[in-house]
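Pasting the structures here.
There are two complexes below, and they share chain A, which is joined by chain B in the first and by chain C in the second.
Then we have the complex of A and B:
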């Protein structure tokens, strides 16, 4: 076969595969939106769910998902980025560091239900955190940490050695070089990793069933002091997230309009993930431009 | 003869146990350009990189011997490597400006070392860029990205960046080999200009360049120093046979 023909065939096949994946993805999103969009209304987004009557909403669940995302990221980002910096810049070549790397890899392919059970035993029972947002956030941290560590490590590893050396040769300390030269360059990649992690937090249900719980107490949306019991910001209350809610009403929902609510909630979930992705990407680019003064 | 800026005593560098540089003793006088020449893999870049301890970051690299400057041994465990590197600037083969604005590239070093005053920083930036003959070309776009500059401009920016922290010695690792002839000529002019204040050690593959810019030349072969003398003598009447063969193009 002539190289030109072979090249054409290979290109065609790759385009075909890529197109097929795009088609599945687009079809899935279109189907979810088509089924769910018409159930979305202001009332649906803001009112609490009904257990046996029609007309329930997803207000508290939506709030829980967003709040849990924030809490998880507050724990995950510093830990993950810190560990990633250590692994890529400070850890010496040593059997122990290779072992840690292996553990991180294994952890990242752990089934989330197992992490949920781990959270139940450790955070909920042993630490006495009960079914709460904090337990959920910690479980999701276990779930997301490997991703953040690996992404940070790779992002820093991708910074050219000459950039690092240029910083060191100016007489900057290692930490200053990492912080002011390497991290800004690695920022877009770390941002992408963070978005991936955030998307997983938003869509995760299994790890939350036994940690954040499947119920939400009555919330008083006028009370924003985190230490009050009925405050939505209270991190020690149980919190059913949107993904868990979808699972629950699909499996044991008693309301007559449960299928519609599940469809609407799914559409909301996917819309938020999309919105979050685009927003974070835009933000990442903007910050990168600011750091590097590229126009 | 002027004073000594730096000298090495029996300096060896090993990569994973294998010697890349063998027991080299060299003396670099102040306000002179010293060229390190030799075929690829002869250890001249490795030697250069050990002078500001850049090999610290390379896994498996080990340095033996002494490097003395300003009355202290660079490899002494008590030497503050961060302080040391402020005194010994470095320029790489491929221009590597920071992914920041032109202004920031130069101001970054001095600011990190505690110069906070905006006026003083402006002055350092201007004088550093003037010294590298870059000021007139970039003064209207100081706050644009340095990556938009041409390769030759980027390299002169990198030199300005090292000058901004007031070093005494500049190490240059083939600073012009990735540049076009016009930019190369500018870098060479710059080197001739800078040697009034700095000791410049330059690694080069270009023998003509070594002959043009340097006062002294050291010839390396297989990690050993073969000959070190005034450039003029090295290029017209070398003492060693191998030097003669290399310089007249019989190998390497």
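Then we have the complex of A and C:
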């Protein structure tokens, strides 16, 4: 075969494969939305699930997912940003530093179910937190921390060197330079990364099976005092999230409309993840424009 | 009781300020904070390995189970009389789905990376890359649900069997690990020196010749890194696989047969077994095996990265 012909054929094949991947993605999302959107209604989004009857909703699960996300981020962001600052600013070239880098890499490659099991062993049993939102948030923090560290490190690495040097030359301490000059400049990148990480946390289920649990107690949505037992804000109650709920009704759902509920819940999950994805991009660009006043 | 004179306290305060001026105190608090974060990170990972290892070796330490029986035993019947704990079905299941998924995802990932960097960079960056990033963002339970409602019925219609099994699992996993493979391949192709490609074109090579005789060999270590990371992810993926694989703990003899993986058996049985029982402890041993495999994959990735740098 002539090389030119082979080149044509190969190019066609590569374009075909790229098109095929686009087709899979478009098909996947269209299918999930098409099947799911029909079941989404205000009632579906707000009412509690039914175990054996039709017409159950996903209200508590949706709330749990959002609340757990907030709790997780409250713990993750300070820790992740702190460790990221260390990695990009304070870590010298030293065997210990490359060891810490290895540790972060290993932590990011641990399967989420292993992290869930660790959470079961340590947070649930040893710390005595039982199956609760706090246990779940701590497990998700472990799961999410390496990503936050990487995001912060890359964001700080993108700050021009001159900015840092100017700060130091003015006699500011390193910490003051980082906090008052570099972090504000790195903020758009850190925020974009954080929102993307939040999307990942939102859909995570395996790490939560054994930490936040697969049940939700009866919640009283009129009681917003976190220390009350039936309050939705009580962080020490078990909480089944939306992703865990999808898994549970697919594997052991008894309601006659379980497939429809799963489809509706998947569509909600996808929509929220899409929202996070596009939101992160849009917000990152908007803030960048505002900070640098470029058009 | 002797009172301090005002002059002396002033001197002491001044001394304290000069020894601990504000900017130094600020620096120390800041450093203390970031060091605390890093120490916590390191402690966390060591306690993950430590806790899971100490729990996972109890069946062997107590003499209830031998390592070779777990690794090579073909029968998993924890409720049987006597109970038998052979993990070979799960090990084989995990290995089959992961390697098959990588075999599907690797060529697709490489081709899409070539498309994005060589054939249509504009279209690639504006359409295909966001699409692949989006694939990475879709939660695994949603993949499981899609697999359960599309791939399993489809396989049931066109092939013998129930549709659940290794093939369904690897198809779902291949879409899940495609972003990993594709993004690493894209990075590798982007960092290739432009001179290499131009030199090849100047010698009269066609684009396809350049791609398969120059780019593929040069970036091979990086591509393999992506594939190994993908396999590692596939090994650890729990719920999506568990939903479509059928969960029958037998060593599979066909791609269409129901099977089980390390993660699926842990997911299903951890909650249903009594804490402290041999069954429960053996599940922790499986978790330990999973952990050790992950460490092995990280090690391989580091070796490959060293190759890629040269």
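Just so it is clear, the second predicted complex is superposed on the first by the 253 of 295 C-alpha atoms of A that agree within 3 Å, B and C clash if a C-alpha of one lies under 4 Å from a C-alpha of the other, contacts with A are read in each partner's own complex, and residues count from 1 in each chain.
Just so we're on the same page, contacts are C-beta pairs under 8 Å (C-beta built on N, C-alpha and C of every residue); 3 or more make two chains touch, one makes a residue touch a chain.
It should be emphasised that the depicted structure is a prediction, and the values quoted were computed from it without experimental measurement.
Undergrad: Let me test your reading of the model: by the given contact rule, A:51 touches which partner, first (chain B), second (chain C), both or neither?
TA: neither
Undergrad: Scan A:176 for contacts with chain B and chain C and give back first, second, both or neither.
TA: After superposing on A, A:176 lies in contact with both chain B and chain C.
Undergrad: Under the stated touch criterion, which partner chain does A:277 make contact with: chain B (first), chain C (second), both, or neither?
TA: second
Undergrad: Figure out whether A:292 sits in contact with chain B (first) or chain C (second), or with both, or with neither.
TA: first
Undergrad: Regarding the shared-chain residue A:100, is it in contact with chain B (first), chain C (second), both, or neither?
TA: In the superposition, A:100 touches chain C alone.
Undergrad: If you stack the two complexes on chain A, which partner ends up touching A:160: first (chain B), second (chain C), both, or neither?
TA: A:160 contacts chain B only, not chain C.
Undergrad: Looking at the overlay, does A:222 come into contact with chain B only (first), chain C only (second), both, or neither?
TA: neither
Undergrad: Taking the stated contact definition, name every residue in chain A that is touched by chain B in one complex and by chain C in the other, in rising order.
TA: 171-173, 176
Undergrad: Which chain B residues qualify as touching chain A in the complex?
TA: 52, 54, 57, 59, 82-90, 92, 94, 96, 98-101, 104, 108-109, 112-113, 143-145, 147-148, 158, 161-162, 165
Undergrad: Which of the residues in chain A end up touching chain B in this complex?
TA: Per the touch definition, chain A meets chain B at residues 92-93, 160-173, 176, 180-181, 184-185, 291-295.
Undergrad: Help me check something: in the complex, which residues belonging to chain C touch chain A?
TA: 23-24, 26-27, 29-31, 33-38, 40-42, 44-45, 47-48, 51-52, 55, 108, 111-112, 114-116, 119-120, 124, 127-128, 131-135, 137-142, 144-146, 148-150, 175, 178, 205-209, 211-212, 229, 232-233, 235-239, 242-243, 263, 266-267, 270-271, 284, 287, 290-291, 294-295, 297-298, 302
Undergrad: Applying the document's contact rule, which stretches of chain A touch chain C when the two form their complex?
TA: Contacts found on chain A: 3-4, 6-7, 10-11, 13-15, 17-18, 20-22, 24-25, 28-29, 31-32, 35, 78-80, 82-83, 85-87, 89-90, 100, 102-107, 109-115, 117-118, 120-122, 142, 145, 149, 171-176, 178-179, 196, 199-200, 202-206, 209-210, 214, 243-244, 246-247, 250-251, 259, 262-263, 266, 269-270, 273-274, 276-277.
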